[in-house]
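Take a look at the structure below.
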Amino acid sequence: MNTNLLNNYAEAVSMIIFAIGFTNLLLHKNLIKKIIGLNIMDTAVYLFLALKGYIKGHVAPIIIDGVVEPEAYINPIPSGLVLTGIVVSVSVTALMLSLTIRLYKRYHTLDLDEISLRLKKEGL
Amino acid sequence: MDTMFTLYQFNDRLALSYKIDRISIIFLTAAVILFACAGVYSCYYMKGKEHMKRYWIFFVGVLCIISLMACSANFFTFYVNYELMTLVSSPLVMHEQTKEARLAGFKYLIYSFFGAYFVLFGFYVLNKYCVDLTFTEGGRLDMTLVSGHEGIVLLAVFFMVIGFGVKAGMWPLHSWLTTAHPIAVSPASAVLSGVIVKAGVIGVIRAIFYLVGADFVKGTWVQYTWLILILLTILMGSTLAYFEKELKKRLAYSTISQVAYILFGLAMFNTTAYEGALMQFLAHAFAKCALFMIAGVFIILTGSKNVESLRGIGKKYPVLLWMFTICSLSMVGIPPTGGFLAKWYLIVGSLDTGRPNFDWAGPVFLLISALLTAGYLFTIVMRGFFPGEDYVDDGREKVKLPLTVYIPIGVLMLLCVLVGIIPNLFMGGGM
Amino acid sequence: MRDFVQNFPLFSIILCLVSSSASSLLKGKAAKWVNTVLICVVGAMSLTLTFYCLAHGSFTYTMGHVPAPWGNEVRGGVLEGAMGTFFCLIMLLSMTGGRKKLLEEVEDTKQNLYYILVNLMLCSLIALVYTNDLFTAYVFVEINTISACGLIMIRQNGRTIEAAVRYMIMSLLGSGLFLVGICLLYDITGHLLMSNIKESVQALVESGQYGEPLLIAIAFMMMGLAIKSALFPFHAWLPDAYGYSTISSAAILSSLVSKGYIFLLIKIIYRVIGFEVVRESLLLNVTFVFAGLGIIFGSISAMREDDIRRMVSFSSVAQIGYIYLGISLGTQVGMVAAVFQILSHAATKSMLFISAIGLTDASNTSRKFKDLTGSAYRNKIAGMGFAAGALSMVGIPLFSGFISKLLFMQAAVANYGKMLPTMIVLAISTILNAIYFMKTVVRIYSPERDLYKGREGFKVIHTREQIEYTCTVILFIALNVALGLCSEPILELIGKGLEMFA
Amino acid sequence: MSAYWIYFAIFFPIFAGVLLILAPVKKRNTMLVIAEAITIITAIVAWMLIINPPATGVVLFKFVDKYTISFKIDGMSRVFGALISSLWPLATLYATEYMEHEASDKTLKEKTFFGMYVITFGVTMAIAFADNLLAMYCFYEMLTLVTIPLILFTLSDAAIAATRKYIVYSLGGAAFAFISLIFLMAYGDTIQFTLGGVIHGEIPDGRENVLRLVYVFAFFGFGVKAALWPVNSWLPQAGVAPTPVTALLHAVAVVKSGAFAIIRLIYYCFGTEFLRGTWAQYLTMGVAIFTVVYGCSMAVKERHIKRRLAYSTISNLSYILLGATMMTPLGMTGALTHMVFHGVMKIGSFFCAGAVIAKAHKNYVYELEGMAKRMPKVFVIFTVCALSLMGVPGLCGFFSKWQLAKAGVESGMTMGYIGVGAILISALLTAIYMMQMVLRAYFPVEETEGEKCDPSWRMLVPLTLFALACILLGVFNAPVVAFLEKIAGGLI
């Protein structure tokens, strides 16, 4: 077990980062901090994915010097996935930020609970 | 005499059928005489009251139903008429239409139904264990069915005894009697005490001697429990009557204790005691009916229900008080009245049975009760004739009483004595 | 040479994407027509596909010329086709039913935006239904989230924005977990295509390797999807999101979005992990507990609401619980029940939302029960719709709710261990449903208080003023009764579809 | 008769009722005549079916798999159907006069009322004629729904509260009953009603008790309609409905369908063999016994006339359940006998109470003081019904109690004897609460003034018929009981 953990320390780190992001997103009241948490979480996943594709000693799958054996290259699919993921995460972050701006304009606070409280008072 | 007349067959078990036997005759005799006397007396007592049409309808109705009940040939018929009797007699109790009268009537109805449903439970159970429901001396139990289920059958019998006991004023369910009798109009109280209460006794006779069979009950816990209840009732009735100040209520308590004599005679399961019970049945019916009538007259004359107000009554109405005295003699059991003979047989029969404890306890209780009876009835007579030095006349004018008072009471008084002198005339030669 | 019909899934997705881009150039009214036509066309294509698959069996469709295991694939089957058709139908009805409200509540300049979002939503739903690739599923889950968020906040007030934020946060948590699950699976199996993963998973299970990572991967994916489809206790975002958004959004969100995720989950269970594997991992027991709790607590929360829309929303929590309960029973019958419940609940809940808005419209847009008294007399058709929906929810024979209850019970009998809890939960939930739904029905059919007579906003809405709305509600009722009466062919269809999954 | 007439007896009133509600009938009298005609026609057809039952059943429609909604007339159907179809036309006739007093904004509301009243007839007939548990369950739920507008009729706050309670209790109960349906589908040979039960196959170890538990669930589930303790409180509250509803539905049709369903459940589904002598029997029997006493005690406490009668109904319904839970043919005979006889007695007393409410506007027991003088005919009939309920021998109430007691005694169980005891206690309490009313009416403390207000023939005819029925069913109980015995023996 311990050796497993040591061997895969990078994966372990990514999971720890994921957990940090997750808790941030879940528990923080401040919206901006939540968004930061979201990004941390996503980044952790990308790190994890990239690790999956990386094979020690291999290089990016671009044919240089006519080397064509697959053993020389890393797995390109995870990199593609990471790219897709980043696009998704960017758009989501953008949307979240725009929502946050709207809320801030209305209520002048970033505290979600505070906003809920105000809403209740408004009686909407 | 033995032919049975079936009016209607409800189903294979339940039929309305009628037959006349010795019990029927005794009961019929008492009922017809009492109702006739009470009817005549009503002409005096009920004069000027409201709702007379209703009164007469129900008065006659009760008589009809009681006659039918007397002649029942099976238990179902008896039960039908028994329930109807309760229903039809309740308007007589409530005739005055005061709040108390209605409450009393309600109490009467509910107690009676309570008893009736106890009976019904026994009836349900016995229906399973009897060959059929026709009254037969010695009982109709199907012994092959019963064997192994004696417990439940005895319980059913006990329930029946308790149930009929309610009507007969047996402790602990007697209290309707002292509520309903005083409040009913006097002719009604007379027949209530004389006849309707006795319906409970007849019920017990029919159930135990004609349906279950005395042999089955003799010597069981049912008999002992029953005897204990009866002895308590006798003592309690007399004692309470002794301390009671209201005349009709005193008579009602007296009824409780006197009817318990009859039950005592039955519960001993002894021929002599049985005959004594039947005789007490008649003697008490006549005497108590007359006493209630006289009480009614007294109440009208003095305008008070209290015993105290009877002081000196003998000065104005000696005849009435004499009649009261003679009836009281029968109640206490002094020769030559029927009461004496009845009590004699009861005591003899009880001593004959040889049941440990009960053979002597019964007579002792009867004697104590007789003393108390003398106490509560003769004080009235004494005070009536000898009001004492400090007696002041209440200033009421002496009223001339019509014959409708004297004739019925006189007839009943005579019968009280006749039962003692020529019992065979009434007892159908059973001796 | 493949049949032309096999192109339909891809066509649907692309058509949706194209029309949503095109709508950004159009005015509101034109966008509306584009949207309507699009839904109809997609629905028709899915229907054709269903019949095609019934005749020829399922197929996989390789995108471009990259073959498996590298390329991206789409899969068509009976169940996919049927789901697609059904989603389109419900969406169409939800749109027509909420049209009037939409015009009132959304600014004119943003009308076309709304249709873009709806088109996108349809696109993602169809993609979720048809895709055979896990990562594609993830991408469309995110698209779905974004468009759903837009649908919620298109009616711009504080409540909806707040609801959208909350929805977004929970959804992101869910999709994050889902993504991690996918990554782990990829790590173990090296594949992203469902059928390939399944083969590897089976090999792994047989060899007994990687048991724990596999379990964790399944758990992550299930948990992610459970959060997104608002399984108790992750339902906190739901009442606000459904309760305050414009009515079409609420109807679509409640009846389609969460159902899309659940359908994806069923697909994963069957096509990615394998039913047996999932059943043997004890995860289903966990979902079973949460489903049961969800049913009870959802209903209790609904009971305590005095706001009709929020009440209906909370009832969704309970209904989602039903679906998960069916899945958790771990039997084929249970799964059929769950799928039927998806259909039944989608049809019923959207009808309830649409009817509720008719009732509130006739009551000065107040959603409080005390103002709704007698509203069924003011808006007759809405009253009828709500009553029918309520009866279906309670499970009265003739309506679809009865059949799903019947199926759940039958499924429960087949699983001895979970039998009694399931039955008791269902029975209690029926009672609770009866309490709050029938209370509302009685309320809306109670007499009008003189208090409200003639007061502004409490007006009688006649049928002729709302023909589109009336038709919608009647269609909804018909759909519901059809599900209730002609359940047999539908059940057969579901059964066949599930067989094709495996 | 052709089996297709069954459809007529069920769906004619349903559709006719719907049409009546929708049709633009303006005149009150026309509407009343139509409603009465519908019920009479249906009743005639139903009676023809009952007298001459078709040998085969009809299948209305297939649900899922092999489960159908189908109808067939067997012995039980004939009893319940006959009871319902005899009472309904009379009740409708009574309602025509009664509703004059209830409806404030007349024709429209009244039309809905009579429409629903007629529809309920059809639905109840469907319950009577249902051939399997599923069909019965479906129409059982329908019955809940179609009676809602009837209870809601006055639209007062009390009516709304009562309706809510009714709905929740009934639907909730049905939900529990539903469980049994599923189990019978799974473990029974069929869900068709078969005397003796349908559970014959091998039951896996330990599951017998689960199955018995399910029976208990269903007993309580259907028991809601039969107002079993502890789920009875809807019934007295539903007394806010107009008297024709309380009398016919809450003394006969609705509540008896609950009892009917339980008899079906015990004798035709689970089977007495499977249940007799188990904890399930003792539990259900114990609850029935308790309810018998409980209902009566509450009735004694209650001062409102209709609520008092409602509590009395609660107790009497449990007589039926007590008979049913004895799980012997005799018990079933007793249950059926009481079902029929109580129907007649209770509807009679309710209608009398209704006449007093409608004509003299008296709602409480203490207001009855001296009413017998003002409404002599009504009170004669009321007295007959009251005496019958108390079980005065000769009237029909005595004989149904007789049958039940016989069953209890013959069963030989201790519980049987306790049941008999409970019946008698309840009879005593019945005497108390019924006689209290009768005595107040006949023996007022103060003579009350007020003109006579006996109702017209439209009320008196049904009332007289009910009173006569109390007497005649008592006198000629033997053939009726013999018929029911045959049913319980599976001969019909």
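Lettered A, B, C and D in written order, each chain numbered from 1.
Throughout what follows, a contact is a pair of C-beta atoms (placed from the backbone, for glycine too) under 8 Å apart; a residue touches a chain by one contact, two chains touch by 3 or more.
These numbers were taken from a predicted model, which means no experiment stands behind them.
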Steps needed, at fewest, to go from chain A to chain B via touching chains: 3
Labels of chains that are neighbours to chain A and to chain C: none
Farthest chain (mean CA position) relative to chain C: B
Chain at the geometric heart of the assembly (C-alpha centres): D
Chain A and chain D: spacing of chain centres that average the CA atoms, whole Å: 67
Whole-Å gap separating chain B and chain C, where each centre is the average of the chain's CA atoms: 84
Distance between the centres, which are taken as Cα means, of chain D and chain C, whole angstrom: 43
Per-residue multi-chain contacts in chain D, two or more chains: none
Category of the chain touch graph - line, ring, star, complete, other: line
Which chain pairs touch, all of them: A-C, B-D, C-D
Interface residues, chain B side, partner chain D - complex: 8-12, 14, 76, 79-80, 83-84, 87, 91, 94, 97-99, 101-102, 105-106, 109-110, 113-114, 117-118, 120-121, 124-125, 127-128, 152
Residue ranges of chain A touching chain C (in the complex, touch as defined): 18, 21-22, 25-26, 31, 34, 38, 41-42, 45, 48-49, 52, 77-78, 81, 84-85, 88, 91-92, 95-96, 99-100, 102-103, 106-107, 112, 115-116, 118-119, 122, 124
Chain B-facing residues of chain D, complex: 387, 390-394, 399, 402, 405-406, 408-410, 417, 420-421, 424-425, 427-428, 431-432, 435-436, 439-440, 442-445, 475, 477-478, 481
In the complex with chain A, residue positions of chain C that touch it: 70, 135, 138-139, 142, 145-146, 149, 153, 156-159, 161-162, 164-166, 168-169, 172-173, 176-177, 179-180, 183, 186-187, 192, 244
Parts of chain D lying in touch with chain C, wherever the complex brings them together: 61-65, 137-138, 141-142, 145, 148, 152, 155, 160, 163-164, 167-168, 171-172, 174-176, 178-179, 181-183, 185-186, 204, 207, 210, 213-214, 217
